[in-house]
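Multiple structures follow.
After this come two complexes, each holding chain A, first together with chain B and then together with chain C.
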Partner chain A sequence: MNDIALLIIAGLSSGSIYGIIALAFTLIYNSTKIVNFAQGSLLMSGAMFSYYFLEYKQMPVVLAVVLVIVATSLLGLLLKTLIVDPLHKKKAELFNIIIATLAVSIVLEQLFSIFMGKRQFRVPSLIEGDPIKLGGNVMVFPETIILIVVTAFCVFCFWFLLNKTALGRAIQAIGFNREAAKLAGLKTSKLIAITFMLSAAISGIGGLIVSPIMGASPYMGVALGVKGFAACILGGMGNPFAGFVGGVIIGLAESFSSFYISSTYSPVFSYLILLVMLIVKPSGLWPEKGGD
Partner chain B sequence: MNKKSRIALLILIILLIIFNKSRINPYYSQIIQMIAINAILALGLNLVFGHTGQISIGQAGFYALGAYTSAILEIKLNVSFLIAWPSAVILTCLVAYAIGKPILKLHGHYLAMATIAFGMIVESLATNWLPVTSGHDGIYIPTREVLGPLVAQNLFEIVVISTGFLYVVCENIEYSRIGRAIRSVRENEIGASAIGIEHSKYKVMMFVLGGGFSAIAGIFYAHLNTVITPEVFNMHTSIQILMIVVLGGIGSNIGVVMAATIVTILPELLYGFAGYNILVYGVLVCIVLVFAPKGLFGLIEYPKRLKNKLFVKEGGNGIT
Partner chain C sequence: MPTKQESISEVKPGGLSMKKSLKVLWLIMMVLIISMSSVVFSQGTSEASTTGPLKIGYIGALSGNSATMGEPARLGMVIAFEEMNAKGGINGRPVELIALDDEANPAKSVTQANKLVQQDKVVAAIGGPNSGTALANRQVFFEANIPELVSISTMDDIINPDHPSFKTTFRLSASESYLIKTLANHMLQKGYKKVGIIADTSAYGQTATKTIQKWFAEFGIPISKIVNHEVSASDLTSQILQLKNAGSDAVFIYNLGPDAALTLKTIKQFGWDVPVVGARGLNMQSFIDLAGSFGDGIIIPSDINMNKPAIKEFKEKYDAKYGPTSNYLFSAMGYESAKILFEALRISKGKGGDDLINALEGIKNHPTILGQQDATITFSAKNHEAAQAKWNVLLELKNGEFVIYDEFPFER
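Take a look at the complex of A and B:
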């Protein structure tokens, strides 16, 4: 029984990591139909900034959190103005945008590894505290609880934002038909800038809550980005809840397969889930309504 | 491929072989071999991405399959290289077929992610399947003993001539019936099938061929470098191959070979700045995509186009 409880907690915690990345993917996808392949690296940037502000500069937690979120949102804005806008203006093919975001992810990775070092950095937890006992040998670390709660909260916030507010509906309208949205009087460029910043901010928050558990390293981005996308695909693009549930399913599959089958092959399983899902049902378990 | 470029290619290969045989500088010979390997990888991806318009960010997976299969057959199973090399290529092509057949139905970012997932699976297996791949310790290939002295001494010639041969294959495909078919698939898949071109057949065919090219590159790499480790075949390698194709001008064989040359030489020139070279590629690719979608050699024309844009009125052709 203890094993299973521990596995579920481990699955939930890594699932939340994938879920929060899936959320960041979903936001940009909703407004532009672009899949931002630099998403994993934006989360890595968040984690590295967390190390820089929290551990290296020893700043107070609240200030550090704000600075990390501001810094990553600025990265998102830069990505939009320097890369996505010019490509969109040139009517570049989808593949060129994909390659450009991949190139951005490499640039970010290299910049951090040059300026901060190639090693794994330890990042302190946002809240000090002892592990909480849940009876028996089952213990939960406070950072795990923060991770799960913050992710769930973010998912709820963005579901609310996208479906219940004027801003969210405007963002979805742009994703549905950009020209029509422009004709209807929406400031599309500004709104897309907002989605890129929000998505990057989410990645920053992700970096803040992931780094106490996984540490921060310039090379953590790629694998996390791919697994986050797997979560997106499994749940269905375009729906924040679906991405989160997809993330949790992948997290649970990873923790259970590493315990019952083999720990060395658990990464293979999550990529296999992605591959099989793409082949069998690329629209996901809860496909978005309408759209293309 | 016309007669002039055939002769030019032949002269280039002969010059390279003379250069190597005169043993002026073994360091340069080594760089030439690496250029050849990168060129084969990029030519293979160019068939898939450049000519057929299907993205693949998992080429390093096929590269690894070629390298590991040949090495494992030779070292662990004591198979002669005459059997091991073709088997490695055939196995890789079979895997490419099995993977390509279902995933090439996908489009856009779904296809991109599926190929990434394939590459990551191969990388994880190379890292974790210890009894077969030895993980991070890697596999040591005593090239001289495996290939025999005659072949081992002439490996440079084999690599350079094969690269030339594969280049000719690519050029001939471009100007053949298949080349026209895959270009029509790239431009408009539905249109192509409307005029009777089975797009899925051609897509899979090119994917398999691209996988085969990567396998050949992998075999050469394994025997030239004598050690193979999983890090060589990670996602960054896949991205780097893709970048070479982008820098060379998507779909241009000669451009891709030139880009492979630049991308291989650049880190040697930036020797004191290890780590910066990947950064330079990343920035370069962004610049090329934004300013010159036709590749690095399209960038040369950029000032001219800018001048036209600034000084010639809309509708003018720039010739005054």
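Take a look at the complex of A and C:
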């Protein structure tokens, strides 16, 4: 019984990491149809900023959290104004913009490795302490609880934002049909800038809560981005919950298959689920609603 | 609103027209063809020059995660090269280091090895921290008859007497088998009866697992369970749970940096009080930082003994040039690689090829900054491994610092 509880927590914890990246993917995709392959690297940026402010500069937690989120949001804004906008102006194909985001991810990786060092850094947990007893022999570190709770909270907030606020509806409207949204008087460029900043901010939060568990390194982004993208594909791009649920399914599949079947081949099982999903229901569990 | 079809055929104002992009494509193809043919046609024209500086190449990871080993090694080499040039060089010729980054990528490593051979015409080469790259680039140096001294990577197969490349490949570092045997001896002495093993699924972890199984069988140490995980794991609950449920009385971890830290943290999370031993690769500040207090008590082997006067002397030189650091293992290995090649070049009077290979094989009881207090280096026609005996020491992590646990571990 204890074993199963521990495996569920492990699955939720890994799943939250994939889920928070998936959430960031979903936001940009829903307003622009761009699959932002720099998403993993934005999370890496968040992790590196977390190291810089929390560990290197030893700032108070609240101030550091704010600075990390602001810094990654600015990166998101830069991505939009320096890369996406000029490409849009030149009427570049969507495909080209997506490839450009891949290039951005490489540039970010190199910039951080040049300016902060080619190594892995320790990042303290936002709340440090001994493992907390959840009953029986089930002990969990505070950072794991923070990871799961904060991710779930972010998912809820973005669901609320997208579905219950005017801003969210406007963002979705742009995704459905940008020209029509423009004609309806929406400031599309500004709104897209907001989605890029929000998505990057989510990555910043991701960096803050993932790095106490996995450490921070300039090279951590790509692998995480792939897992987050897999979570997106599994869940579907339809709403903020989709990627999170996709991530948790992958996380649980990994922890249970690793325990009961084979720890060597557990990644195979999670990708097998993905493959079956692509064959049976390629649009994911929660497909995006129609657009142009 | 324009359809997809329209926007494809449209000539973009700021972009390239169809004709122009065809031209660009042709240009790229021509460059590719020329660069490929230069590799093919220039084989065999790799005579090192007999005047000017003696060039020695270094191929290692200078970016990516393995740069934590590859870059310090380069820093160590730079010290050795500066010292040699201050002394007037070898046979009146200065020495020059050409360090190239292979990003721990075997394909890139082959390209860089070709560059060192064809373009830079190096007389000798130093191999870096990754086994996959060493396995790939040794062939290039073998074909050019240029000796390569592998500085850090440990995989047994790199020095394989049955492989043709044996002729030109030498190694300074202790091999994986040597390092694992040192730990196996330690575990035998401790009387562990059920050793659990956790390794990552990379070539690093997987070849080591096979080597561990081989030597543990030979030494008669029972293995309780072997579990694996992906590199950069986000959770290791399932793996540690399996080792614990198997009743392990010790754990052998064969992973790096954040993964090793997460392993130790998960063990603590379960409140599991179990002795842990690990691989040499954990001797890095990043691991010490990441593991924090969870790392206390872990035992690892090392190729340097900081109590040895020669390594203390190296530490002073390093500190004077770069400032103090927490770990001198990889920089010392880089430094010593260069020194051994200099010694061989001194014997061969600056000549490369067979002369240099013979000179290396003639090195006997040569003092070294590496290894135990009285370790020396001896190569021969049959032995291309520097680490033969009296080499490894055991370290223990205590309060965020690796300290000597055993200066003279029992060897068999």
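Methods note: the second predicted complex is superposed on the first by the 276 of 292 C-alpha atoms of A that agree within 3 Å, B and C clash if a C-alpha of one lies under 4 Å from a C-alpha of the other, contacts with A are read in each partner's own complex, and residues count from 1 in each chain.
Everything below uses one rule, namely that contacts are C-beta pairs under 8 Å (C-beta built on N, C-alpha and C of every residue); 3 or more make two chains touch, one makes a residue touch a chain.
Keep in mind that this is a model prediction, so the values were computed, not measured.
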item	value
Clash or fit (per the criteria above) of chain B with chain C on chain A	clash
First, second, both or neither for A:Val140, with chain B first and chain C second	second
Touched partner set for A:Leu79, first chain B, second chain C, both or neither	neither
Which superposed partner A:Ser255 touches (first chain B, second chain C, both, neither)	second
Chain B versus chain C as contact partner of A:Lys90, first or second or both or neither	both
Chain B versus chain C as contact partner of A:Met220, first or second or both or neither	second
Partner chain(s) touched by A:Leu272 [first = chain B, second = chain C, both, neither]	first
Which of chain B and chain C A:Thr264 touches, first, second, both or neither	both
Touched partner set for A:Ile9, first chain B, second chain C, both or neither	second
Partner chain in contact with A:Ser113 - chain B first, chain C second, else both or neither	both
Chain C region in steric overlap with chain B, selected from 128-136, 182-190 or 290-298	128-136
Intersection of chain A interface sets (partners chain B, chain C)	90, 92, 110, 113, 223, 264, 267
Footprint of chain A on chain B - complex, ascending	49, 53, 55, 57, 102-103, 105-106, 108-110, 112-114, 116-118, 120-121, 124-125, 128-130, 235-236, 239, 242-243, 246, 275-276, 278-279, 281-283, 285-286, 289-290, 293
Contact footprint of chain C on chain A as seen in their complex	3, 6-7, 9-11, 13-14, 17, 89-93, 110, 113, 118-122, 131, 137, 139-141, 177, 179, 210, 213-215, 217, 219-220, 223-224, 251, 254-256, 258-259, 263-264, 266-267, 292
Interface residues, chain A side, partner chain B - complex	35, 37, 82-83, 86-87, 90, 92, 94-96, 98-100, 102-104, 106-107, 110-111, 113-114, 222-223, 226, 229-230, 233, 264-265, 267-268, 271-272, 274-275, 278-279, 282
Partner chain A, residues of chain C touching it in the complex	1, 7-8, 10, 12-15, 62-65, 67-68, 71, 201, 227-235, 237-239, 241-242, 245, 257-258, 261-262, 265, 268-271, 284-286, 289-290, 292
